[in-house]
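Note that the chains are named A, B, C and D in the order they appear, and that numbering of residues resets to 1 at the start of each chain.
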Amino acid sequence: MSAPGEPDRRTLMEFTSDNAYGVSPEMLAAIAEAASGPAASYGADPITGGLAQKFASVFEHEVAVYPLISGTAANALALSTITPPHGAIICHELSHISVDECGAPEFFTHGAKLVALAGSGGKISERDVGAALLRYRKGDVHQVQPMTISISQSTEFGTIYKPDEIRAISGVARRNNMKLHMDGARLGNAVAGLACSPADITWRVGVDVLSFGATKNGALGAEAVLFFAPEDVADFEFRRKKAGHLISKMRFVSAQLEAYLAEGRWLKHAGHANRLARALADGLTGVPGAEIAYPVEANEVLVRLPDPMIARLRAAGARFYDWSPSSNGRTLIRLVTSFASSEDSVQRFLSLARK
Amino acid sequence: MSAPGEPDRRTLMEFTSDNAYGVSPEMLAAIAEAASGPAASYGADPITGGLAQKFASVFEHEVAVYPLISGTAANALALSTITPPHGAIICHELSHISVDECGAPEFFTHGAKLVALAGSGGKISERDVGAALLRYRKGDVHQVQPMTISISQSTEFGTIYKPDEIRAISGVARRNNMKLHMDGARLGNAVAGLACSPADITWRVGVDVLSFGATKNGALGAEAVLFFAPEDVADFEFRRKKAGHLISKMRFVSAQLEAYLAEGRWLKHAGHANRLARALADGLTGVPGAEIAYPVEANEVLVRLPDPMIARLRAAGARFYDWSPSSNGRTLIRLVTSFASSEDSVQRFLSLARK
Amino acid sequence: MSAPGEPDRRTLMEFTSDNAYGVSPEMLAAIAEAASGPAASYGADPITGGLAQKFASVFEHEVAVYPLISGTAANALALSTITPPHGAIICHELSHISVDECGAPEFFTHGAKLVALAGSGGKISERDVGAALLRYRKGDVHQVQPMTISISQSTEFGTIYKPDEIRAISGVARRNNMKLHMDGARLGNAVAGLACSPADITWRVGVDVLSFGATKNGALGAEAVLFFAPEDVADFEFRRKKAGHLISKMRFVSAQLEAYLAEGRWLKHAGHANRLARALADGLTGVPGAEIAYPVEANEVLVRLPDPMIARLRAAGARFYDWSPSSNGRTLIRLVTSFASSEDSVQRFLSLARK
Amino acid sequence: MSAPGEPDRRTLMEFTSDNAYGVSPEMLAAIAEAASGPAASYGADPITGGLAQKFASVFEHEVAVYPLISGTAANALALSTITPPHGAIICHELSHISVDECGAPEFFTHGAKLVALAGSGGKISERDVGAALLRYRKGDVHQVQPMTISISQSTEFGTIYKPDEIRAISGVARRNNMKLHMDGARLGNAVAGLACSPADITWRVGVDVLSFGATKNGALGAEAVLFFAPEDVADFEFRRKKAGHLISKMRFVSAQLEAYLAEGRWLKHAGHANRLARALADGLTGVPGAEIAYPVEANEVLVRLPDPMIARLRAAGARFYDWSPSSNGRTLIRLVTSFASSEDSVQRFLSLARK
């Protein structure tokens, strides 16, 4: 039974966010195991020390790994390391860095500018990036200078960049002496969705720096910034400390990341979430009045539903965000599934929708 | 048995730092309990919601509580909320904010200046603060304007400000329209050491904003900024987000804080650490060549030992930091005890010292 | 005769920019007059002291006046005084603050975000501002918070906001608890163009803070920030100093401003420039292939001309900027006239265009 | 006759500051000459273009020259170009950058820290710098990293570093991979005082970056940053623009600098000021109760005078700053002479003192 004021967990259909869920048992166990006895602080412990090798194995490439506890920090620190104050960062106009981080990239870069592009399904294209670059005169001190492109994988709309799309964007970056950053808060969902190697959508197609997220996919709080080229690390470690993001008992963040990568666990979790999103999308297809707004390629479903249906779902315990205001009797909502979402909650949601 | 390359935990005498230790079982249990099922993210969960009341009860005063995972962030966010870019922060020249945060206060305040004062045992005095203020012309735009005083309780030297000392400093602050910040990364050790109420060394003697630490005293990673006057909160919440310090699964930080305060656990932990520091100090007193450098009032012992003794201790498994270079055959070292330090490790250390 | 490598001033047709011209004789005389003998530095001199009264008389309103020597500094300091780091500034996507200041507003505000709106003729509308505001959730810490609207008068396209248009925008500002900033680098051209009182397009229609420019209209280097409400000044004076913009021999900047306002000189200068721009526009109308792109209301003419005509004009000594790349055999160019532009250079330009 | 409320210039003895004086006739003439006709803005004009060669000739070394209008900006921009946010700048505790710029270096560097050292006569020594460096652990992310040493020449106390003293300091800088910055707001006074070549106290003894001042020595407003090694320029030009310090009609700043260097004018001006300071010092020596506090090597005299004498001098029209509060019936005052100070005002001052 639920406590007064709390939802009944048996009937709850929680699709608000993947960070509304708890911690996977394996990651919790890893924390507990790391919790006894002393260990060097600030990342000098053996678990943190072993991470680079483990990530290198998963990514098939040498990599510098810096554990963090916040996705916004991962993005802002990564971007500020590769973008000077007079630089510009090209991104999607609805990307997390552009609309959900309260200007953290601008703060950490000391005033660089985000150049926000439109683009279908949360994705920017090689073409749009190229067109945006034409607006900037190289070396002209009156203008910020485009230095960085940032893309989200999977996107905030549940879509996924194909390897070729990323390669095309990194081509623009290379030709213009820019760096390519990837916000991989949901990288697992992208890798699981494409059934590819993590390398196929990162360094192999030109990604320089990656914000690698585990929190939305089962960690208590564990992210990391990965640099595929050692020279890009530059003064990252000083930036991390100066921003208060060097965690003293870092081994507990690292232990989560270790457990997350072990035995392909991160992809099992992401695959589960993706399958349930797929099930929601499939189930809603054909429901009168329902319209899937974007390809459902990861763990998010953006769907227009009739307002009475939305009211009925919420009354029955479903939770999700409105994604835009009601229009013509329908509202675009977002449903997010997670490693811990249940098949049962999906089926109940679909039954209610079909009523 | 220890793993190859790892120290043997049976012989280890770990006095490097209180954040070299793990997590107290009760806090770990609190995390595990919070880990199942969904909860609202970014602090909208019930555990976080209940913190203000719990802290109010412990501090005997209404208080606004903002959980964080880093002490440097707690200090820098607190200071930047009460200090404008053209402000100055008066502190001890060896305080954590001055020498151990890589300029985080300067970054978060957008360029305020730390005015670092000397002072015995890591403490600044009312007198020294008053003298420093004479160097600044009120309202003169050529000079930064002293806006904030920051003190550490307990200090980085294991000493503790008495309530009257704090009241005297806050008197200077009040008379000069300044705010008083306390870095309470080790507040528990101070409260346990003085056997007073937390109120007696905070708001009752004029502290406006408190960095409250739990990490060094048994948490996995849990700090908080406490404001005793609601108007001082100002734009703190935006600053926290913009700096990447709004944790998505905040309930896990809050659960640690809740468990930390419950049943006086924080003071039991701190009392244990203090007692062992006391035992170290008492045991070393009288050992030929040993000289306790500062009053041992909390969980740190700064002591000069003969270099051969230091070498012998390290060879036998003792770990600690040198605090200053060797001079006349002796070196000032720092010994820190924690909630999880063992009586046995202290006794072994003392036996070795006495040999 | 001109020096080798320098243009022949007799044939020169200089329409590149209004800051390519020199200094008006009256302002030069004012500098010379102020140059003898000592005077208090940093603005404590009598000329600076008298400015507020002189501006108040011209603007028919009490006003706080802060002389500066850079328009970018005026904008960035003004905006940062009224916009916190977590704020957003709504502006035109091609405004000076958005594309010509290398991110100065972001630097001075410590990371606030510019929200750049499209809008015909360099103007934003009440409607577009209202629509943009809908994208921001009030008080949501994940998002920057719109705090400021900034408009240019006259605009970078040579158009002018009518008093009613400004009033409508300031209405949106008021209803949303925002401030209205005006970039008046070319305010004189707007006042002369509308034949109104400066008050009619500033405080009377809701402008809170004004960047007042004289440099483009005949000063050596003189700008000012004007606050119409004393409480908006806040910490402006500290910001000015901290940014290195408190000029030591300020009387020379102030002397220029004094001479600029005296005897309606600023409006005579601006009126002259406007008339020549009008003459260029009228003369080009009807020239085959020429197309005036925006209403010519101030001292700028944006016009599409056939590429061969452009080549012919440049070969004959005309100077101006291309405003966008050639398309279908024509290029959009910008012609700017100034207080010192000659009727003769305009007529020669038109003759060449008509050939 | 003087205007009401203004001092009578015939009796005025103005020793407040060298920037309380006006503009030298030659520099004013240079401005006037540059004022007619158009010229490219933002430094693309021929006068600015010719500066590098003229400075190279004076300094006997290739040099990159960036005109500015503010000494604080020159220092802050120079320092921020060579010091990253996690860096530290070692300087004298009473240097201009430390106490008179409202934290501009901290703002421009995005939070670097000034390490302020004591030192007699406003000078820091090789030894003190070396000792300060011992407090920082190289590469330790918890600490800011000393990257820059900054010295003033001549100092704020009217003393001058000898070439060997500078060479010793730059030796420390080289050995620690640091840069040496010189605040040369009064460089002319130092060169005139030492009767040396400008090279002898700059690049030849290891100065990397120089804030070159003309304003205090007769300019309306003209400073420059000089880099002796091209690679140190880095992103200086973007920083200058982003801070609003790229002056649109830059030729007028450059014309001042050109006239300042021409015909050794800067050294004539400085020599005049130095001689008058010397005359003041000599004249005060032996006056009962007067005590010269520091060697008078440039254009400043710091002297303790009996309070009644000070009152008498002020009553008679003398102007100067108190440099510290009265103590034992005497006060330390500062007398500054300038290019335009008169022999007569010095003699009147001395007569009054001797009464």
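As a convention for this text, a contact is a pair of C-beta atoms (placed from the backbone, for glycine too) under 8 Å apart; a residue touches a chain by one contact, two chains touch by 3 or more.
Given the structure is predicted, the values throughout are model-derived calculations rather than measurements.
The greater number of contacting C-beta pairs, out of the two interfaces A-B and A-C, is seen for A-B.
When each chain is reduced to the average of its Cα atoms, D sits farthest from chain A.
As a whole-number value, the distance joining the C-alpha centres of chain B and chain C reads 52 Å.
Chain geometry summary: the mean Cα position of chain A and that of chain B are 34 Å apart. We define each chain's centre as the mean of its Cα atoms; on that basis chain A and chain C are separated by 42 Å.
Residue positions 85-86, 101-104, 107-108, 110-111, 141-142, 238, 241-242, 246 of chain B are each in touch with at least two other chains.
Against chain B, in their complex, chain D makes its touches with residues 85-86, 88, 99-104, 106-114, 134-135, 141-144, 325. Residue ranges on chain B touching chain A, taken from their complex, read 5-6, 9, 12, 14, 16-17, 19-23, 28, 31-32, 34-41, 46, 69-77, 101-104, 107-108, 215-216, 220-221, 238, 241-249, 252-253, 340.
The residues of chain A lying in touch with chain D in their complex are 42, 84-86, 110-111, 141-142, 145, 235, 237-242, 246.
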